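Just below sit the structures, each encoded as structure tokens.
Both of the next two complexes hold chain A, though its partner changes from chain B to chain C.
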Partner chain A sequence: MTDAKTNTEDYLRMYRQMVRIRSFEDQANQLYLSAKMPGLTHMYSGEEAVAVGICEALKVTDKITSTHRGHGHCVAKGADFKQMFCELLGKEEGYCRGKGGSMHIADQSNGNLGANAIVGGSMGIATGSALSAKRLGRDDVTVCFFGDGATAQGLLYEVMNMAALWSLPVIYACENNGYSEYTRTDEIAAGSIVGRAEAFGIEAFKVDGQDVLAVNDLAQTLVARCRKGEGPFFIELETYRYHGHHVGDINREYYRPKDEEKEWHTNRDPITNFAKWLTAEGIVDQAELDTIQTEIKTDAASAVAYALDAKYPDVSEVDMHVFAETP
Partner chain B sequence: MADVIMPALGMAQDTGKLVQWMKAPGDAISTGDVLFEVETDKSVMEVEAQADGFLTQVSASDGEDVPVGQVIAVISATAENPVAAPAPPPVAQAVTEVVAAPTPTAPAPDAVTTGGRILASPKARRLAAQEGLDLGQLAATGAPMPYHVSDLATLREMPAAAGQTVVMAATKQIMARCQRSGSRDFMEWMQADGAITVTTSAMFASFASGAFRAATETPTVVVQVADPDGTDIFLRNPDFTRLSAPVSETDEDATFVLHDLSDSFLTSLRLGDTALPTLSLGSDGDSYLITFEFSSEHMDDAQGIAFVSGLARRLADPLHHLV
Partner chain C sequence: MRQITLSTAVNEAIAEEMRRDETIFLIGEDVAEAGTPFKITSGLVEEFGTDRVIDTPIAEPGFMGIAVGAAMTGSRPIVDLMFGDFIFLIMDQLCNQAAKTHYMSGGKLNVPLVLRTNMGATRRSAAQHSQSLHAIVAHIPGLKIAMPSSAFEAKGLLKTAIRDNNPVVIFEDKLMYQDKADVPEGELLIPFGVANVKREGSDITLVGTSSMVQVAEKAAEILAAEGISAEVIDPRTIVPLDMDTINASVRKTSRCIVIDEGHQSFGVTSEIASRLMEESFYHLDGPVIRMGAMDVPIPFSPALEDITVPTPEGVAANARKLMAGEMFNG
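Right after this comes the complex of A and B.
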């Protein structure tokens, strides 16, 4: 009975976190299109089960590194809406005091070492973080998120080699959403994605990235094995991005058919499918899920309103966090 | 009710050009309908409706540069107020603003010498010809070239010059005949050697595009392959595409029209419609008959002759095309 209760809480937390990501992205998309947000941004909508399934298997002290499509990772690792929106809008209360923005947001308090605008740019950082945990005798695990396109970066092969040689507690999580920017991934990646890791003797897994429970089960197992010193591991998560490569990529038919987008929206949505499962299993009823949705949407909207009114950093902060004095 | 905004679609974009509304004020709108086209510094994109309802309070018009983020219409539950009320006159400006910066001199009209030619997009030219409008009338007013479809609205408003009748440029014809054997051998060879089936239409489009480019130095050639039973297809630079590769279709305005009559009883078309240069290719026994209609609006005589000669040479000996 206690177990069922605990599970129910875990399930609802996963549902809530996925809805939080979707709501965050809906707001961020509107902020960008209505010219209230600087820079450029990339939507995570559609891939929620990947970030949530994995991050729900981690402790606060575990680390992640994120990507240019990183809002989902940041939310899933425990970040707060207000500070995130403040960061996106360049405000003082943002996680990086407004200096990072969408593509460089980092939330050290929750173990998010940061997004990275460079494709595959965080692979070295994640591997270094795992090395540091091992050297310091901590049982922290690091998860390195990157996309299918990033498998073309040479850095991945350098760090997988090192991580395998030194049995580092790192999990390479490849979010394969089928498209490397505007090109189908099967047109740019020869052979199998998991085969790349297996070449280094790294155990590699492929999982349905739209199934939050399947992702979470696998992540729980691999995180536990990492803590025992059995790392590294590699996961390929099959997923889909609903929006374009970036927010301005609104006419996509020249590289991605509308029918395909519709198929994923209708039949493979991670939130809808998890809601169906939760209600079919009698864990919650639809009304409860609707309440959660409404609460979170309200939360997101009020966080946006807060961030729009928040203050920009003072000009004196321009060199803050740029230089560190060494003792 | 949902605001329709001029979206920011890229970095460092201050305005978007509203190319044209695809829906009229008051139209019923469904989510996903294309509302308008916007041109950024990168490309022209279609913006879809995010809500169901009616297009109302439209406050920006075709061709206008609109700051990104600005509301340009509202999708509402009823079709009332299709067009936005004019903005109220500004209240008294702060005194400091009265000290206005010196008025910048209006930029001089483009001093580009057009040599008497009227610069206009192919689409504007075609529509003007169809409607019997004279672009020269617009040029006479000093309106800056090149002209686009949006300029035709001005032209339609203008009273036709007294006693003036719109004279269509005279249709000119060039005809040629060449042996079919070269092309037939070429198609058989493609089939036998590479198992590549080349259709006559694809071959004609490719050769004609190449010949047209060589004769007129047009950077982008769009061939409209006429299909009497279906929809015409538009091929962009077909001479740059390998004959074995899939055709690359486009919705750009056509440079010229191609009628492939080789598989029909017709041998030649002389329809006298000079909106676009028109090429027809028919067969007569062992020969291909080439008929080309154009007007001085499209090219000069020497270019027309060079085009038809080049095409005949390519058809007679396809190696001319390949090398």
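Right after this comes the complex of A and C.
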């Protein structure tokens, strides 16, 4: 692993954030399996190092746009468990007062402009956020998360062209987890993914998305360069989703072999591998990591319990927020 | 007769037509091995191969445009659009290209394609996966719009659509995919522009589209128990729209409620109500009442989502008011 952050506190925060995502998703999956969650949801488990490595390079004022597989981005950008679980259950105290749910969770307070149920739907938004930052003289950087499948959307090429022409502070972060729903990436993406960005003269990088330090190292550099006006950039992060496309996608051997899943779980787990590195380097001992795990699991469980008991929005809220107040 | 699900009926219609006509192909996301997320097209790739059951990248405007071009040059594509909400991505190809080509070419070019997609809320899928957008495309001249209300209609309307020489958009209600109905094996063609009188009645006409036919039928049951006789009409296609059947019914009952799952404003209910006002005004004993989805993005929270769509109880309540001659105010 590459050495990105040199301070124990930073390492532990990254570890903690990855564990928080995993615990959040384990709870969300349980909520689905026990029929306590309305609708479906897409698990981020396995991809933690991507969101955490990148978001740990960002400030609260920096922006991100997220996807249908968005819980990881939301947690990594600083969101709170209780408000997130409340949103997943459609409760009033959720980040979006229950109106958005899993696929539209947004956390304005931490610069998360929102998950998106339209694949590729946030590419314009991220680029617009970067334009706005530049015009208004803020040094904010925007990171646009999207999947390998989303590279098929034409919008990406329209906005990358403009971002490159106008040197916008945006980083396109392509989470290549090898699958677009039930189809392998190589069946839906011709040629090279980074080559797409390079065609617009955008510097593009490929990184191991399971290695949180490698991701963070690259993200730190690119974010700093974006702030100096050297953007946009493109990163392809090689990663893997542990669950099915969504929580209901249980029987998936017809499109994804069990052996492949096992290989990633056993040899390429971002949390396990980071823990190994942390202990091997003598930064922390296993007992400390175990304590962190236990604390976070307890936290997640109590946030779920809280959300299950929380109240639904009053029906009078149904036509609230269709339009913003204009004084 | 045997009963099959709406999903099976669609699958069967596609298979039968593909066997009959080599120029037909199916195109869309995960339509082959995966058989779509709703498992509607399962088995088709095994029978017809990947040349005729084509998986695409997530590139809706791209594959819609390809279908339009193929349709103009001798193919008859069936396009699978995974969610009706994604229709906004393909609007140019559908509305500026497919819909207008025949007209703009002075009748020289045809676009015989079928766009199959879906509609319907209350699946807890939130604002971008729950819309019923048929009225938006119905506004564009050159597109025919079918809205099956059961497995029977799903098969018969789809087979007719595939043989039509125009672009046809079919909206299936996601909640009905597993609902069963009597459906004949083999040939079943339901003509466009012919409404179905689902239930006869004399006091009030309930016009419902898609799953709102079931809502109307349930409301009719509730009303029957109270001595109110409701007639239920399913237009089956909204373009073309069979006003003859609807007018005849309303002239008999003199009252009407139109129920549709699109947003109430500027929608199908408004269109049918205003045609009734123009064509049957002097036969009416009260205003034609529109019942659509509330004019709000569909909320995720179950507590809110369920009140956004018409219910049998709501329809029955409005019917009682109409019968009693009560005033309605917006």
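We take it that the second predicted complex is superposed on the first by the 319 of 327 C-alpha atoms of A that agree within 3 Å, B and C clash if a C-alpha of one lies under 4 Å from a C-alpha of the other, contacts with A are read in each partner's own complex, and residues count from 1 in each chain.
Simple rule for what comes next: contacts are C-beta pairs under 8 Å (C-beta built on N, C-alpha and C of every residue); 3 or more make two chains touch, one makes a residue touch a chain.
Just so it is clear, the model here is predicted, and its values are computed rather than measured.
In the superposed pair of complexes, A:Val247 makes contact with chain B only, with no contact to chain C. Using the contact criterion defined above for the overlaid structures, shared-chain residue A:Pro270 touches neither chain B nor chain C, since it reaches no partner. In the superposition on chain A, A:Gly72 makes contact with neither chain B nor chain C.
When the two complexes are overlaid on their common chain A, residue A:Gly209 makes contact with neither chain B nor chain C. Once the two complexes are overlaid on the shared chain, A:Gly39 sits against chain B and chain C alike.
Between chain B and chain C, the partner in contact with more residues of chain A is C. Residues 39-40 of chain A touch chain B in one complex and chain C in the other. Contacts from chain A toward chain C in the complex involve residues 38-40, 90-91, 96-101, 103-104, 116-121, 149-150, 152-154, 180-183, 187-189, 254-255, 312-313, 315, 317-319, 322. On the side of chain B, the complex with chain A involves touching residues 5, 7-11, 40, 45-48, 67-69. If you check the complex, the residues on chain C that touch chain A are 29-30, 33-34, 37, 55-59, 61-62, 85-86, 89, 123-129, 294-297, 299-304, 307-308. Of all residues in chain A, only 32-36, 39-40, 247-248, 250-251 touch chain B in the complex they form.
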